[in-house]
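Chain lettering (A, B, C, D and E) follows the sequence in which the chains are written, and residue indices restart at 1 in each chain.
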Amino acid sequence: MGAGIGFRSKGGTGMISEIGDWFSDPANWRGADGVPARLIEHCAYVGIALVLAAIIAIPLGLFVGHTGRGATLLVGSGNAIRALPTLGLVTFLFLLIPKSTVAAIIGLVVLAIPPILAGTYAGLQAVADDVVDAAEGMGMRGMQRLWQVEVPISLPLLLGGIRNAVLQLVATAAVAAYVGLGGLGRFLLDGLAILDYGEVAAGAVLTTALAIVLDVVLAFGQRLLTPKGVRIAVKARRPSAKEVVA
Amino acid sequence: GNPLEGGAEGGAGGDIVIGASDVGESLLLAEIYAGALRNAGADNVTVRPPVGGREVVVQALRDRSLTLVPDYSGNLLRYFDDDNEATTPEAVYTELRKVLPEQFEVLDQAPAQNTDVLVVREDLADKGIRTISDLAPRCEQLTFGGPGQWADRWKAKIKQLYDCEFAAITVTDTGGPVTVAALRSGEVQVADLFSTSATIGANGFVPLDDDKNMFPAQNIVPLVAKGALSQRESDALDALSAVLTTDKLTELNVQYSERKRNPLDIAEDFLRDNGLS
Amino acid sequence: MGIEFRGVTKRYPDGTVAVDNLDLVIDDGTITVLVGPSGCGKTTSLRMINRMIEPTSGSILLDEEDVRDSDAAVLRRGIGYVIQSAGLFPHRTVLSNIATVPMLSGWDRRKARRRAKELLETVGLPPELGKRYPAQLSGGQQQRVGVARALAADSPVLLMDEPFSAVDPVVREGLQTELLRLQSRLGKTIVFVTHDIDEAIRLGDKVAVFRVGGRLAQYGTPSDVLRHPVDDFVSGFVGKDRGYRGLSFLPADGLEPEKVPQALVGGKPGAPRNYWQLAVNQEGQPRGWLAPLSIVEGDLTEADLVAGGSLYEWGTPVRGALDAALSSPSGLGVVVGDDGVVMGVVTARHVLDVIEGASGEGTGA
Amino acid sequence: MGIEFRGVTKRYPDGTVAVDNLDLVIDDGTITVLVGPSGCGKTTSLRMINRMIEPTSGSILLDEEDVRDSDAAVLRRGIGYVIQSAGLFPHRTVLSNIATVPMLSGWDRRKARRRAKELLETVGLPPELGKRYPAQLSGGQQQRVGVARALAADSPVLLMDEPFSAVDPVVREGLQTELLRLQSRLGKTIVFVTHDIDEAIRLGDKVAVFRVGGRLAQYGTPSDVLRHPVDDFVSGFVGKDRGYRGLSFLPADGLEPEKVPQALVGGKPGAPRNYWQLAVNQEGQPRGWLAPLSIVEGDLTEADLVAGGSLYEWGTPVRGALDAALSSPSGLGVVVGDDGVVMGVVTARHVLDVIEGASGEGTGA
Amino acid sequence: MSFLDELGSFLGSANNRAQILGDLLEHCYLALVPLVVGVVIAIVLCWLGRTWRPMRGVLLALANVVYTIPSLALFVVIPSVIGTKILDSINVVVALTLYTSALLIRPTLDALEAVPQQVIASATAMGYRPARRFFAVELPLAVPVLTAGVRVASVSNISLVSVGALIGVGGLGVLFTDGFQREYFSPIVVGIVLTLVLALVVDLLLVLLRRMLTPWERASASGRRAVPA
């Protein structure tokens, strides 16, 4: 493909070996910009932002889903926030609050809210009407209905929202390195600035691996936390091979 | 730029794609080059959005994604020849032409310089620190902020020349707002900025004198993919470089980052005021 | 506990009048069925009883007290409620579904579960189902659990909104039988909604027929409604076989089974006869008919017989007797006791005598 | 076009035997109904005809030719297929739904649409429905469109799988009537699946009763199946009212309507009488009964009347006559012509005479 | 200088306006080309997934993995994987195409599986062959759910393109890096607003497209009561 062979032309070594070299260089594992420190930073940003976003989004989603009030507003503003460009948001926040961590975390929280909100709301929406009706007909009060019936049944979707939020957070935290945030994004941006392919690729591998590992862990948690009966019901609803027409 | 000409091929008489590094004034210089070339009759001149550091730009020139970039003589020399010790403008330029790989050429360098400079806040400067040598004894208590590649390039050098080893080196950005904000807030106490940067004055930072000439001369020089420009176009850039002085560059920077004018507007004014249009 | 609607009207915000000035007295300990075409306000009427819907005007009395005087949640815990497709909680086991209301009412866990186990038996489900989740049950089983759940609070009133309409006809009949059996033991006040007239007739002590627009068209016993529909709407709604169906409510007083010549399966019938013989087994249960003049060599086997008609169980309404006679190849309806042993036969003509005697009128003209 | 199953077995990969060694000959130009409990293999049998399912062994002949010898898609275009809730394409208008097969077979657009319009009329739908989408039709209308679509290829064979089971009983009866009317004109070979024995009896020239496990229990005319079920499974399946239902196949030969005293609604009935009078309107249509000894002051109005029973339309089977008599408050079943005008009355006793005369046996014992 | 004055003078420059317009056009190109290509890819893959069952699980797993790759990571490694030039906008196009397809796999499969079995059975019984049935019956009926997925993908693409500015690709993201470098709010705000407006406009267009493609849906929503049966 012509003259341009991307990064590879620099050292002439293959990309796998370059990543290997980078990872096997002990210098990259030490100190404040070593892999463990960056990894922990990244996880910390994701964790803090997730907790904050959950504290805001879950109660809001439960309120709207349970009462049905403000649903249009919620869906509309959720979509608007999703459309916010990550980079624009973090640069804007940085100029407003010139402190990398604070600005970046606010940005992360803002972007993690829509998926959690959507998951919570969709979860409550998915509770069958007749089940809600039966709960009410048996004399459950609002909060009893919410905690004993609606929340347990909507748990899979709610946790699905959290999974999405975590993926979003891992990705956004990498972008936020642009405004001076630490974390794995540093490898990507710093490596890019000096065209150190090993570093860039290592950063990409680390971020992706982190995303996948967190997703798998959460998927497992989702399974664990989903009430058994709900799991069976979901499986029963899925069309079996029998019903599928050739 | 025009979306339909994503990766334009450079070449004499062909399209000219001017790149810029992510140093603030780089884009401004790129626009001025573009203006000068257009005035010299080149059509199809485009300026790409800034990207990365020298490594990226050089790579892009090599694969002809770019035709031309404004660069700094000293850093360019170090890039191609790590151990070269030349520091004066003339020596640097001569050495540079020697080590430049054959795909590239440099046109005349401008008198304007924009070197790396270490700056501190006034409160630290008031303790009698005016040069890097003054700073050296305190290095161990200080946190330094600079671009990601700074440590690679200068950490050993500053230790060797000045016996200065910072307590920590924090990655901020390349003389940009993150660095400025970090220094302003005291997160770092020493930072790497650029000598012509308008933010130094605007924030009352104090630039430290590089008394042992660690940083080489950094004259502005156009780096070109060899054979990509016609003679007429090269001449136009040489003429431009001839009038570009450090004072003018500093003023251009003020226009750009403090007065926040559009780089094209600044370029137009500059070319007109200097009789290049 | 009686229920009374006094001039109850429900107008929805969009202007639909779902129930229009309804007056209805529902007697204590009976099954009252609300029936009518889709959209006639049955569900609305039912749900106003436990205040899931509030009436626009009028009042509803439960045991002489206006339902509005009680706290809605407490009122509902005291009224069993079963809906179509059961509305079971998918995340809870069958037992804990059933125990919901007792737990809500603050019973201790152990007691609530014991009660739930009893109820599982009451509705005819094996105890091992208790640990399953609703999605692991068949539709009919889910309905039973729904009923058990509604019975859990031991409330004297049960509201059932098309509880059996989501299951197939065979299962449905089983559930109806079960409900009647339960009711004979429990004697609750049940308000039952359906749009199936057969179900209404089968289950109801009283039937309230609604017409669209939320008005009560007729209110009376099933036999009343079948035999004396007040107008074309009701007679159209109760369907074309209502004469025959109406016989379900006519006791067969005065119907006497007559003797019939019998032949024993496995025995030797001997020479052909010129009349029909009822073939019975050792226990005296009917196995079919031996046609006149049929020649049997040796022992009588089932292969020699003509299949019999439907059987009439002694003491049940006259409908069965008529059908037995009409379906029998011999024209003789076989009467059996509840042990299935032949008591004799009846002819269609005798059944008619009984029908005419009961309706008290001779043939006119 | 006749259809023949020759030793057809279908075993699904999971081991379920859905159809077990089925031999069945379906006559050209008749309606054959496959009936039986859920899961007995009706759908499987039907779908093997148009190769939606391939048999495990045995063969199916369509007009003497093995269906496996034709290309499946082409074969299917030549066989109409109607299923429950019609399976209409929700994204296409009614007309273009109907035109599907002609278009697939390469007709030009104009011709296909013209044909679709004709068919709309054939199934009794107004032309303006053609532009609507299926969701804009009632359930009954959707079913008609489904039938029209299946008729579009003008194929001699029509497969119908519980086509009417999703609509309510009243609409369903209308659709059945319509199907019979159509069939009398078109004379197709129709294979119809249902699990409703009433529907089977009403529609079928022949009825095939399946038992679970995919075996054929009985194959014969509906009257055969009702009156001579081969075993307990079939007699259980055809239901407990089979004596009465069987009357649907008995023509009312020899039944004569008798005179009945009449009173004109709007007229002056005068002094009370000691017998029932049939109230009729100006057109001679029955409006109800005037009870013996009822006192009417001035003109006779509907308010003075007792509601009548069901009406017996002259010439239809004897079942209607018996119901009319049984449901009438006077015991007199009203006989009307197809214009709805009163022709006279019959008593249950006369109906019985007819029934007994027809079955050719006297009362025994 | 108040923000509004600053904004006024930013937008006052003809050169700024020209640049913004250029960035906007490039942004559209970078976001929408992957959207269209991604939709096509997802549909084709799902078709394969429907015809050949084992493919389904593989597709879903693959889609899941691709979707977890952080955008910046994907952007920077693409050139070395597919051998493009580092500043080439094709890198962003490829990355977003991957995301779009990954994002659409599940909704497309769900949508196809939600087509009533009855309808598919009757299509088969009328003599449709599988490929034709897919395009004439299954796909049109999947449009509503599919568009819901496409709407999400379009919003996500439009917002992700800006990250491309970090690897030297144009689009509205350039306004963010520029504004950031110069501590200049105006370009950032203009960039955010334009991104939102673009997302909104594309979303509206998709809603319109869906309405056009699904005339039957409107009919069933409104028509039922208006015309008596």
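Worth a mention:
The working rule: a residue touches a chain if its C-beta (ideal position, glycine included) is under 8 Å from a C-beta of that chain, and two chains touch if they have at least 3 such contacts.
Keep in mind that this is a model prediction, so the values were computed, not measured.
Graph distance from subunit B to subunit E, where chains that touch are one step apart, equals 1.
Interface comparison, A-E against D-E: more C-beta pairs in contact at A-E.
Of all the chains, the one whose CA centre sits at the greatest distance from that of subunit E is C.
The chain with its CA mean position farthest from that of subunit A is D.
Rounded to whole angstrom, the centroid-to-centroid distance between subunit B and subunit C, based on C-alpha atoms, equals 93 Å. Rounded to a whole number, the gap between the C-alpha centres of subunit D and subunit E is 53 angstrom.
One finds 56 Å separating the Cα centroids of subunit A and subunit C.
Inter-chain spacing, taken between the CA centroids of subunit A and subunit B, is 38 Å. Within subunit D, the positions touching two or more other chains are listed as 52.
In subunit B, the residues that reach two or more other chains under the touch definition are 22, 52, 56, 59, 63, 65, 177. For subunit A, the set of residues that touch two or more other chains comprises 4-5, 7, 94-95, 179, 189, 191-192, 245-246. On the subunit D side of its complex with subunit C, the touching residues are 37-38, 168, 226-231, 235, 240-244, 246-247, 258-261, 275-276, 306-310, 320, 322-333, 345, 347-349, 352, 355-356, 359, 361-365.
Taken in their complex, subunit D has these residues touching subunit E: 50, 52, 73-79, 81, 83-93, 100-101, 104-105, 132-138, 141, 146, 149, 159. Touching subunit D in their complex are the following residues of subunit E: 116, 118-119, 121-129, 137, 140-141, 214-216, 219-220, 223-224, 227, 229. The touching residues of subunit A, counted against subunit B in their complex, run 2-5, 7, 9-10, 32-33, 94-95, 98-100, 179-180, 186, 189-196. Contacts from subunit A toward subunit C in the complex involve residues 128, 130-131, 133-141, 144, 149, 152-153, 227-230, 232-233, 235-236.
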